[in-house]
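Look for chain A in each of the two complexes below; its partner is chain B in the first and chain C in the second.
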Partner chain A sequence: MTALLPYLRSRRFVVGLVVTLAVALLAVTGPSFAPHGQNDIVGRPFTTDGAFGTDYLGQDVLSRVLAGGRSILLVSLLATILGMVLGVLIGVVAAYAGGWIDEALMRLNDVVLAFPQILLALLVLTAISEPAWWVIVLLVGFSHAPRVARVARGVALGIVPRDFVTAAEALGESRARVLLAEVLPNMTAPLLAEAGLRLTYSIGMVAGIGFLGFATNPGAADWGQMINENRLALLVQPWAVVLPVLVIGVFTIGTNLLADGVAQVAGKGGQ
Partner chain B sequence: MPATAAEGAPSDDQHGPDRPGSHGAGTGARVTDLRVALTGSGIDVVDDIDLVLEPGEIVGLVGESGSGKTTVGTALLAYSRAGARITQGAVDIDGHDLLRLDLGAVRAMRGRRVAYVPQDPGAALNPAIRIGRQMVELLELAKEGSAADRLARARAGLAEVGLPGDEEFLARYPHQLSGGQVQRVALAMAFLPRPKVLVLDEPTTGLDVTTQNLVLRTVKDLCAAHDVAALYVTHDLAVVANLADRVAVMYAGRIAEIGPREEIFARPAHPYTRALLDAIPHLSSARALAGIPGSTPGPGRRPQGCRFHDRCAYATDECARVDPPPETVGPAHVVRCLHHAELPPWSIDTGDIADTAPSAQRDVVLRVEHLDVFYGRTQVVFDVNVDLARAEVLAFVGESGSGKTTTARAIGGLSRQWTGRVELGGHELARGARGRSAADRKRIQYIFQNPYLSLNPRLTIEQIVTRPMELFGIAKGKAATDRAVELLDAVALGPTVLTYRTNRLSGGERQRVAIARALAAEPDVLVCDEITSALDVSVQGSIVALLDRLKRERGISMLFVTHNLALVRSIADRVQVLQRGRVVEQGFVVEVMENPQEDYTKTLLANTPTLR
Partner chain C sequence: MVNQHVRNDPRSAAPGAWLEMSRREALRLASAGVASLAGLGLTAGCGSVPAPAPANAPRRRGGVYSHGATGGGLKDTLDPHFPVTNPDIARCFNLYEPLLRWNNDYEVEPALAESIEPSDDALTWTVRLRQGVEFHHGKTVTAQDVLHTLAVVTDPKKTAPGGVQLAEVLDLKASRIVDPRTISLKLKTPYAILDQLLAEYTVGIIPTDFDLSNPVGTGPFRYERFVPGQLSQFRRHDGYWDTPAYVDELFIYDFADDAAKVNALLAGQVQSIDNLPTYLVGTIGNQGASTLVADSGAWVPFTIRVDVAPFSDPRVREALRLVVDRRQMIDQALNGYGFLGNDLYAPFDPAYARDLPQRERDVDRARSLLRAAGQADLDVELVTSTAVGAGGVESANLFVDQARGAGIRVRLTKADPNTFYGDRYLSWNFAQDFWNTRNYLPQVASCALKSSPYNETHFDDPQFVQIVRAASAETDEAARNRLLHDAQEIEYERGGYIIWGFRRQVDAYSNLVTGLKPHRYQPCDAFGFKHASFVS
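Let's look at the complex of A and B:
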């Protein structure tokens, strides 16, 4: 518990944490107190009835925003975890192995890095007629991996040459144990910061995929997809676009502050 | 003055109260009633410091880490590191109290009236500017002389420290110089504006003994030639013994004892000074080194009364209550100890023991034949042969780059780029640790130089010490913990540290944990790689005493890598002197030290700073 104290003293971290948790809570519990169902037609399209008006099909905007966060947050979170696990694994193994293994892994990494993240995802999505939600998790996660790998390798390079790692090797510890018990625990702070950043990007990407029309369930509410659906009437009924944009914006600011706070505390030697 | 911190509350006024008689010190420097405190809490870092530096005199300021010696040194330039501030006192140089001048005037004094030579001159010289340019720039800043004049003075300055002042040298960048040359350039730059006062902060740390000796001689000559008053800050009493006119010993933010060099080394009056001297190895004789129990208390953790009382062998109840006032015990010899008059007589020979006798019967455990080690395609160690008997200590000695650590790492299985034959208990070992059997790995344990790097900061001491037992199937669970407690006890650490992580331990304590980890594997051979060079002398003394006990009680053999020949005399049975990757001389310690055959060994011996 005492390990958390320096984090709680960082204003950045606390504000980020509160904002992130608030938006997440809204997304999870939103449907239960939404005034209408997400697919209920409550009036004519693009009216200003209700708190934030109706959308292109006459559905209640507030209800759809409250319902449309759950999938996007879940998909982003899972994608981030997948990207972190994969990336850290690649980066740490490359740094620890060194030599030609390091070269090969990182050069392959560079090749993948050369493609814009969203392009890779779209490439696969256009090939699949009806992508399941986990396909998006995989795509976003995989596209994060090389970026995470670069960071993880950089951090690990600073730890691998330390004497305690050499000492573990001289004792004859297995390579896996050296990585998991000696190297990884000393990387937590910078990796947490990276995870926060990746979560921010994930949300942007998942929302972007929704906007481009590859939402997992075309009928269901989805923040990204809502922006696309309603953008034609931006001047007539701005709330239908602005509200999902706002929640996405606020949430990414929250995760970003969180990541910043972690990095700041770690920089001060909080670890 | 009482030792409490109550008075030193920081105020916006950087300067101390007006003190009568603080002006007119003439040349040299006079520090009066100096106090430096931490900015937030007002806790004293150093307090009640009075110090006079006469022109042409070198005063050695000696103390262990945390004693406040560097704080006093930089206070002479009216500078305190971030987080601390000078709250009281006067620093008189050349008729001015530096602490009462405004920043512009202080800046004008720094460099020109009082100069500073840092510990790491490589970091003080700008790597992107040529040496000559940096030296000339210094004089331009002081607005002295014409351009041609400045260049001539830069050349003369380099000549004074024994460096060539030619175009080629002036055009070099700092990275094109050796460590000793960089330090001498820094010295030349410090002397260039003809300062009255010079502060040298451990300027020879990290230099080889030969280079160190050269730098020390240069310092001495220049201070005498230019009538400069110098404060030489160091942790090494042996260095000061050959250099300083007077010596001040600092402990926990106070000057515990100050006096002429001969007095301090012949008749030390403070128990702390005596304990320090007892911890220092001599070249001329083996010693049973003793450490000082406990560790130096940092600011805010210093005890009431005499600050040394809780570690002092002569302390009484009175010492815990009464803050000892400075008392004069001899000509210019002042000590802060209530019982200085009652202390038993002391001699520098205390603790001398007979050198280990060459024994006829040697039960050889480790044999190394024709060891060649490579870095990539470059060969760095050539044809080293070793035989190490049971309960024997073999020292590898040499300057940096001599290949002593490289050899030790090859034997320990930490590097694989070597050829030759390493035999342990009669059978040959594979090159890398991974290629060796668990039984082989268990029998050779390696202890690293820097205990701040060799212990995983995320693990508890219990996890660190019990791991080798689990790995080699010696013990596990409760039994392993019990054994860990025994081992920690053997290295003089209590069972409370089991749950600690390393960040709660001092350097000496960390090194003890590292030794306990090595012992946990129940090894036959310990490879000790400069294991005391990152530690204070008092800690070094206790670690050496510990190793000696382990050798006698457990029959452990050791390969002891060190650059310190004096230490070799006290700990090792046999020695191999390495130069540029080759063993140039070897034999029993007493024979090599008393009767060295090779010029290289003679040079090393002649340049090693020692008390005797």
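Let's look at the complex of A and C:
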């Protein structure tokens, strides 16, 4: 609890946490208090009936926004976790091993970094007619890994030469234990900040994939997909686009503030 | 000039590019977007967008006209006899012409032929060509060109959609050239509606020296350039026999995406688009464009292959038809711009079987049929694409929900236009397609016989074939219609289409142009851009 105190004193962190949790709560519990089912037809397309009107098929916009967050948040969260685990593993191993292993891993990393994240994902998605949700998790996660690896390596390079790591090695501890017990715990704050940033990018990417028409289920409510389906009628019935945009925007601002807060505290030596 | 057009290609915005922008670029773009949106609203409000041109507005000759066509892809073609997508069809109408043509009210009228007269027994038809019609390369259209075209479209090795029925009835060996402008067409059996077959746009007359790499026809525009999946460019045919085109140049652009298509129209990059999403009908008038609404017999069916399990069981096909809430399809997918279908096509044909009971949604009966067929937990994939045009993807989404009510799991796959109309076109097990207005027999020839080039349902029913053959040879209209009714009953019972409705054709054009009129046969005045001109 004491370790959390410096974070809770950071206004950015607190605001980010509250906003993030609020949107996450909305996404998780939303379907249970939605006025209609996500596929119920409640009127003609793009009318202003109901709180936020209807969409391109005459489905209730509010109900679809409430139902459309679960998948995007879950997929983004899992993709971020995957990207962080892979990236940290690569970065820490490269920093700790040094020499040609470091060179090889980082040059390979640079090659992957040269490609825009969304491009790699789209390359695979165009070859799959109906991508399963886990395919999107893998694609987004893998695309994060090189970026995380670069950060993790940079942080680890500052920790590996320190005395307590040398001491652990002198005591004969295994490499894995040195990494897991000595190096990684001292990287927590910058990695948390990076995780927050990656979560923000994950949401953007997953929403972007839905927007570009690669949703796992074309009929299901999905914030990114909703923007795509209804964007043509932005001037006719703006809520069908504006509402999912707002929720995605607020959520990414929340996760960004959270990441900024962690970085700020870490910068002041809060770890 | 050419490069400039490629640079200005209205479809060139790269999807996903925004994800790679810096924060500053993104903010700048967002501000510009908000400003332009606000601008759209403001300009609409203060009347600075062009108002619709009055009917007697002075028309200007010249200019470059661009049309945004729905769909198209790498399989795009200039072949006059094998068009598939809207851009292909639009090219056909502007490059080539058949002997006869359908007018705006869907009646046959003379085109390259000034008359086509049957003998009393309908076994011989005399075609009299119009005087002095020239192909784009200057050669005069002769009887020899007509016979050559008919030989090409009825070629048994590669029968064209417009030639399937012709191949059944025409006896080309016995047909003869009477003089350079007159042909005597001999038929193997009497055929009373040969004129309808010869009026199909897929029977465009080509010269004997036709070369697809540099195609010539007699249409109002001549070929300049073609980039499959992107655009085609044409120049006005100055020697055109009918009223020449007003504009100097014509571009037809492919649009895979409705938003890009509509935005191109509103930004003035194209002057007309086909298949405007119907929910924009009410607002597009405030943004400098007008709609063109025609009572067409166009349809967007679900296509079920009758030769693969589980669809080969007629009970499964019947169950799929019974889960459809047709009224909801029209209200939601077409926004009311359509009328009810009963799994039959050709609603303007006098033989249309109006007396067959209107199929209604009956979930209980659908479930019972599926149980009887051993498919109580039916799980199928439905393939759709934006290339199908207005109402396509929307009706597919509705179908998923409607089928769920009967315990059927429908997995919806949205294929991009290149894939949908690519190598797997005509082999999807359960998909969609679009068809424009046709009478019954020409439509059967296109899609319901084993030899039909677009038999997407793989329908091959011996009894049906026999009845269609008999009807084709029947010169008495009442007797023929009775036979066609029987043929429709077979399709109604065991065909491979779910035809839930017919859509009113809704297209749009810029208020800076005039001259296009509603057409019951094809979109955008049957792609009649020769009628279009810029207003002075």
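As a convention for this text, the second predicted complex is superposed on the first by the 271 of 271 C-alpha atoms of A that agree within 3 Å, B and C clash if a C-alpha of one lies under 4 Å from a C-alpha of the other, contacts with A are read in each partner's own complex, and residues count from 1 in each chain.
The working rule: a contact is a pair of C-beta atoms (placed from the backbone, for glycine too) under 8 Å apart; a residue touches a chain by one contact, two chains touch by 3 or more.
Note that the structure is predicted; figures quoted are calculated from it, not measured.
Superposition model on chain A: chain B and chain C are shown accommodated side by side without a clash. Once the two complexes are laid over each other on the shared chain, residue contacts for A:Gly98 go to neither chain B nor chain C.
Within the superposed three-chain model, A:Thr166 lies in touch with chain B and out of touch with chain C [touch as defined at top]. Of the two partner chains, chain B is the only one that A:Glu182 touches; chain C does not reach it.
By the touch criterion defined above, A:Tyr56 reaches chain C but does not reach chain B.
Touched residues of chain A were counted for both chain B and chain C, and C has more of them.
Think of it this way: put the two complexes on top of each other by chain A, and the tightest Cα contact between chain B and chain C is 33 Å.
No residue of chain A contacts both chain B in one complex and chain C in the other. Residues 39, 41, 44-46, 56-58, 116-119, 122, 126, 129-130, 204-205, 208, 212-213, 217-219, 231-236 of chain A are the ones that touch chain C when the two sit in their complex.
Across the complex, chain A is touched by residues 412-414, 433-434, 436, 438, 441, 445-446, 448, 450, 453-459, 467-468, 471, 517, 521 of chain B.
Only residues 162-164, 166-173, 181-182, 185-186 of chain A touch chain B when the two sit together in their complex. Touching chain A in their complex are the following residues of chain C: 15-16, 18-20, 37, 40-41, 258-259, 262, 277, 279-280, 282-283, 287, 328, 331-333, 335-336, 381, 383, 393-394, 397-398, 400-401, 404, 411-416.
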